[in-house]
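As written, the chain order gives the labels A, B, C and D, with residue 1 at the start of each chain.
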Amino acid sequence: MSLKTSLNKRASQEKETGLGTNSTSNGGRFFNRDGSPNIEKHGIPFLERLNLYHAFLSLSSWKFLLIISLSFVGMNLFFAGIYLIIGIDHLNGMVASSNAEKFGEAFFFSAQTFTTVGYGRINPIGFAASFVAALEALTGLLSFALITGLLYGRFARPKAYINYSKNGLFVPFRDGVAFMIRMVPYTRNFLVNVEARLTMSMQIVENGVRKNQFFSLNLDISRANTLISNWTLVHIINEESPFWNLKKEDIENGKTEILVFVQGFDESFSNTVISRTSYTYEEFVYGAKFLPMYHPNEDNSGTILHLDWLDHYEKAALPIEF
Amino acid sequence: MSLKTSLNKRASQEKETGLGTNSTSNGGRFFNRDGSPNIEKHGIPFLERLNLYHAFLSLSSWKFLLIISLSFVGMNLFFAGIYLIIGIDHLNGMVASSNAEKFGEAFFFSAQTFTTVGYGRINPIGFAASFVAALEALTGLLSFALITGLLYGRFARPKAYINYSKNGLFVPFRDGVAFMIRMVPYTRNFLVNVEARLTMSMQIVENGVRKNQFFSLNLDISRANTLISNWTLVHIINEESPFWNLKKEDIENGKTEILVFVQGFDESFSNTVISRTSYTYEEFVYGAKFLPMYHPNEDNSGTILHLDWLDHYEKAALPIEF
Amino acid sequence: MSLKTSLNKRASQEKETGLGTNSTSNGGRFFNRDGSPNIEKHGIPFLERLNLYHAFLSLSSWKFLLIISLSFVGMNLFFAGIYLIIGIDHLNGMVASSNAEKFGEAFFFSAQTFTTVGYGRINPIGFAASFVAALEALTGLLSFALITGLLYGRFARPKAYINYSKNGLFVPFRDGVAFMIRMVPYTRNFLVNVEARLTMSMQIVENGVRKNQFFSLNLDISRANTLISNWTLVHIINEESPFWNLKKEDIENGKTEILVFVQGFDESFSNTVISRTSYTYEEFVYGAKFLPMYHPNEDNSGTILHLDWLDHYEKAALPIEF
Amino acid sequence: MSLKTSLNKRASQEKETGLGTNSTSNGGRFFNRDGSPNIEKHGIPFLERLNLYHAFLSLSSWKFLLIISLSFVGMNLFFAGIYLIIGIDHLNGMVASSNAEKFGEAFFFSAQTFTTVGYGRINPIGFAASFVAALEALTGLLSFALITGLLYGRFARPKAYINYSKNGLFVPFRDGVAFMIRMVPYTRNFLVNVEARLTMSMQIVENGVRKNQFFSLNLDISRANTLISNWTLVHIINEESPFWNLKKEDIENGKTEILVFVQGFDESFSNTVISRTSYTYEEFVYGAKFLPMYHPNEDNSGTILHLDWLDHYEKAALPIEF
């Protein structure tokens, strides 16, 4: 717990993280593995806070289709009920005899109206039924207008298709040690003008008070003109590094978390995209190195990249003990 | 009114506000609380000036739906009228007997055409009625194409979901005084690479003429890598500050207004968003400090942020009198 | 024609205009008043060059509607023709007797299919007619899908709503002369982080060869945090200015053109927008100054801006003769 | 093969290419002529890797229409099959007698439902058929919602409409030699604030190991305020150039590749666009110069640009032998 003493005074503190330094006010890691902040918001009505549009954009395709289908059924049940209340005889052309069949026909008349198919065998007679049918057709069209936008939004929303290695490695590197993580773009999209930034957060004890402290981790190369293949971020643990002189125990006591931030311009979206992840001390591996992910194809005319080799590493002895 | 004399000569004037310095030419505050400029534009036809698209984007959901519904009714009244003028006998299949009923059937035939439901029990016979029906169906489809775009535009329009504290506080801070305001992002959206800027506007008397003068207020920290929780902007009132040596009376006489500008990159929109507000001297509180808004959850694995505590502050004595 | 001698050697030449310096290779002004380049492109098939999408975005609303309406009529004439070729008896339910009426019914059946209204009084019987009807309905839906996108594109396309004064003025300013133009945003949209740039192009004679030469014109203030009201760009004609020592005759002989470039971030579009215009020597006024465009409202709580006063100026004697 | 010795030590190496330096790990050129990376990705399921949306955006118009048409036919075959399974007598109003005709009517009923035309001569009776019809109408509407988004995405996707010359030329220039390529925007779209960057990749032998090495090629002018006409990128081969002292044989042995990167802001898209291409040593021409592409129009009031003259060059002797 004597962490403060062993902490490298030459390491550059990061003041602009936007994260709180009072470690008694916040709990757990700052960011989850998927890059979302580990924070819960209270005190404003749920719907206002939710941002329905972005919630729909984040749903999986199956959930999205399920919600649409259930809403479709729900809508038709609702309108079928209204047609029954108005009176089934205001729906002209029904052939049903039993009550169940009548409800069924009202339900499918509703579906034909909502989707604007309108076969017309069944059709509304009288003001009330005609009015509800007109309202339903309008509702249907607005719903599909909405869905059109949501579908487009789901597809067109720019995002970074980047996978990160499961672990952060302490790797023997140029007579010393470096901390490395690896990333790879996993679709045909590729990024240009990419920038990466690592920030370390630690809890330290200062005058008997536990505080969060933030450090920027310098990268050997922090920019890439293009990101078409795997990229390994290398933080050399030298005298400027906050990891300098730290032991595994310190790193764990400090509940160390490495925040990863990657920004680039995606050519397919023609838009800046941002990717983020975080590694906590439990995801560190001491003494290992990443194995290559790509090799030439058979006739040496192109390169083959193995996306599933992203996490491949082998043990490698470190020159310094952690 | 001897404001000019007491004004701090070391404060850095801001020349690039884009706001006029002639205080006799403009009236009231520069920006409203919601960030919109306090200006009225004349001299160009209303419609050309209005920018219908952005007007529709800014409407509340209820007003938007109401306008659509009323337009739908209006359209159908209009087309029903035309069908009546053409002659009700050109609508085949009507069962109405009274005039009111006939208008009703024409109205609902119109609705069925406009929404392209087209049940077909009632259908047009002859060139005129068929032509109007074809035109109406085209109009309907174009209308819903338009609405699709408007709905998408309403949802997809990037904007900053940020709330600001109601008041700007003069807070005891490091043996001196600081001017602080607080903000919080209130949805799941969060911002990265955030920059904040405060500009102060005052009316001063120079050679007997009242003029607007603008000063940038330096911020203790003006950038944040991420904005996921509350952020307090801190302007320290030191010898470089235009507030230096000012008294409450000067601040009020000068009709002081603090313009707040925040810019960041929203990860959900993948777009730069801008937020703006303004505090006038009537919204200042002399001697107070903000209370914390967040704390760890029960098992200390995450943080809970109370959005409704944004305005919570308590009185705190200032070391300098204002 | 001794222009070269009198040209200010201290003026800073602009090498990165992207415009050609060989004045015998290009004709007329570089940019038109609306900011479009004064260039014609040959040698690639028209359609490939045209970029249909952007052509449709630039059409006036009336032309856009007209093209849609005419295409709609054209489509229906085309499909009606096909139905006639297939045989009018494959359209079930027609009541027409004369040939003209039959074509009319085929035409309106086509319209009902294209818009997917499908009343169904007339409906296709047999493979050929049914097939064409299915194809037409598909075509119709695709057409309206396309129109939906075009309509949205027309509205949502970010552009700068800025008007420029008709003339560039030579204005008496601080004991000397300045060249000024004025602009104003004419809708509710407003810009932030605005930058303006003036570039002067002149034809000069060098070793008996006429060449285009470009100079940047320094602006007194070239940035504005916000552009909510009118903004006057001021180029002071001092010893660094290419206008220094030039006479009206030189300016005209050199076919001087001032290229104006304005860039800013529009808050409503949440997008960078660009505006451009150009003034040729024929649009210069020697000895004048702009009149104010705004004043406080009656109760002094807001400002009124007169967009139609943008071009108002009055004669003003210059301290230097041009 | 003694390439390493003759390589210019004063040339500035480029470390931030994001491309691998191990020439035994990758094969062939880095980028294809169209700017796409010459890399194949394995190890993640095809569909996840594919990014369907961007795949659809990249299809040619004809393929896109073909896929839609075939899907439409496939859908109707599928649903027609289901209606037959349910029983043809649940489709009310059919006039078909033979089995083939019945399938045909079921097929076209399906098409009328999928497109929501719904003439209604044929209409579903009973729960099963009605249910499938409702489902089909829903499917149809969702499909066209999807297509609407794809069509819009295809049009609105920002991209740079730039063509590049087929060859990179070694040109006599200012008593020395320069490497030049030429580009031209070929639609009405034009770019502002354009930046260009050339990177050279070579395979060199170091300690008996072949490695990729990257150099930035300085450009005489690397920025253009506007790109409305052709632009020639000029890399002067001086003492800082990696081409300095190289012979044609070295260039070929090194499998030299010039990566071209152009970035600008397109005014029509109001978006940053990126263009990229690459020239390998086989596309170099030693001793040539580009011929002009534009000239004034007849009345000298505008300029005519010949897009098809982009590749026009003539032989020109070099002062240095390659």
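Everything below uses one rule, namely that a residue touches a chain if its C-beta (ideal position, glycine included) is under 8 Å from a C-beta of that chain, and two chains touch if they have at least 3 such contacts.
No experiment lies behind these values; they were computed from the predicted model shown.
Contacts with subunit B and subunit C are shared by A, D. Averaging C-alpha coordinates per chain and comparing to subunit D, the farthest chain turns out to be B.
By the residue-number overlap criterion, the interface of subunit C with subunit D counts as different, with under half of its numbers used by both chains.
Rotation angle for the C-alpha superposition of subunit A on subunit D: 90 degrees, rounded in steps of 5. Interface comparison, A-B versus B-D: the higher count of C-beta contacts falls to A-B. One simple way to say how far apart two chains are is to compare their mean CA positions; for subunit A and subunit B this gives 28 Å. Work out the mean CA point of subunit B and of subunit D, and you get 39 Å between them.
Contact with two or more other chains is made by residues 112, 116-120, 148, 152, 271 of subunit A. Residues 68-69, 72, 76, 95, 104-105, 108, 111-112, 115-121, 144, 147-148, 151-152, 155-156, 161, 186-190, 192, 194, 221, 223-229, 231, 265, 267-268, 270-271, 292, 294-297, 299-309 of subunit C are the ones touching subunit B in the complex. On subunit C, the positions that touch subunit D within their shared complex are 14-20, 24-28, 37-44, 48-51, 53-55, 57, 92-93, 112-113, 116-120, 123-125, 127, 130-131, 133-134, 137-138, 140-142, 145-146, 148-150, 152-153, 157-159, 197, 199, 261, 269, 271-274, 276. Within the complex formed with subunit C, the residues of subunit A that make contact are 116, 118-120, 148.
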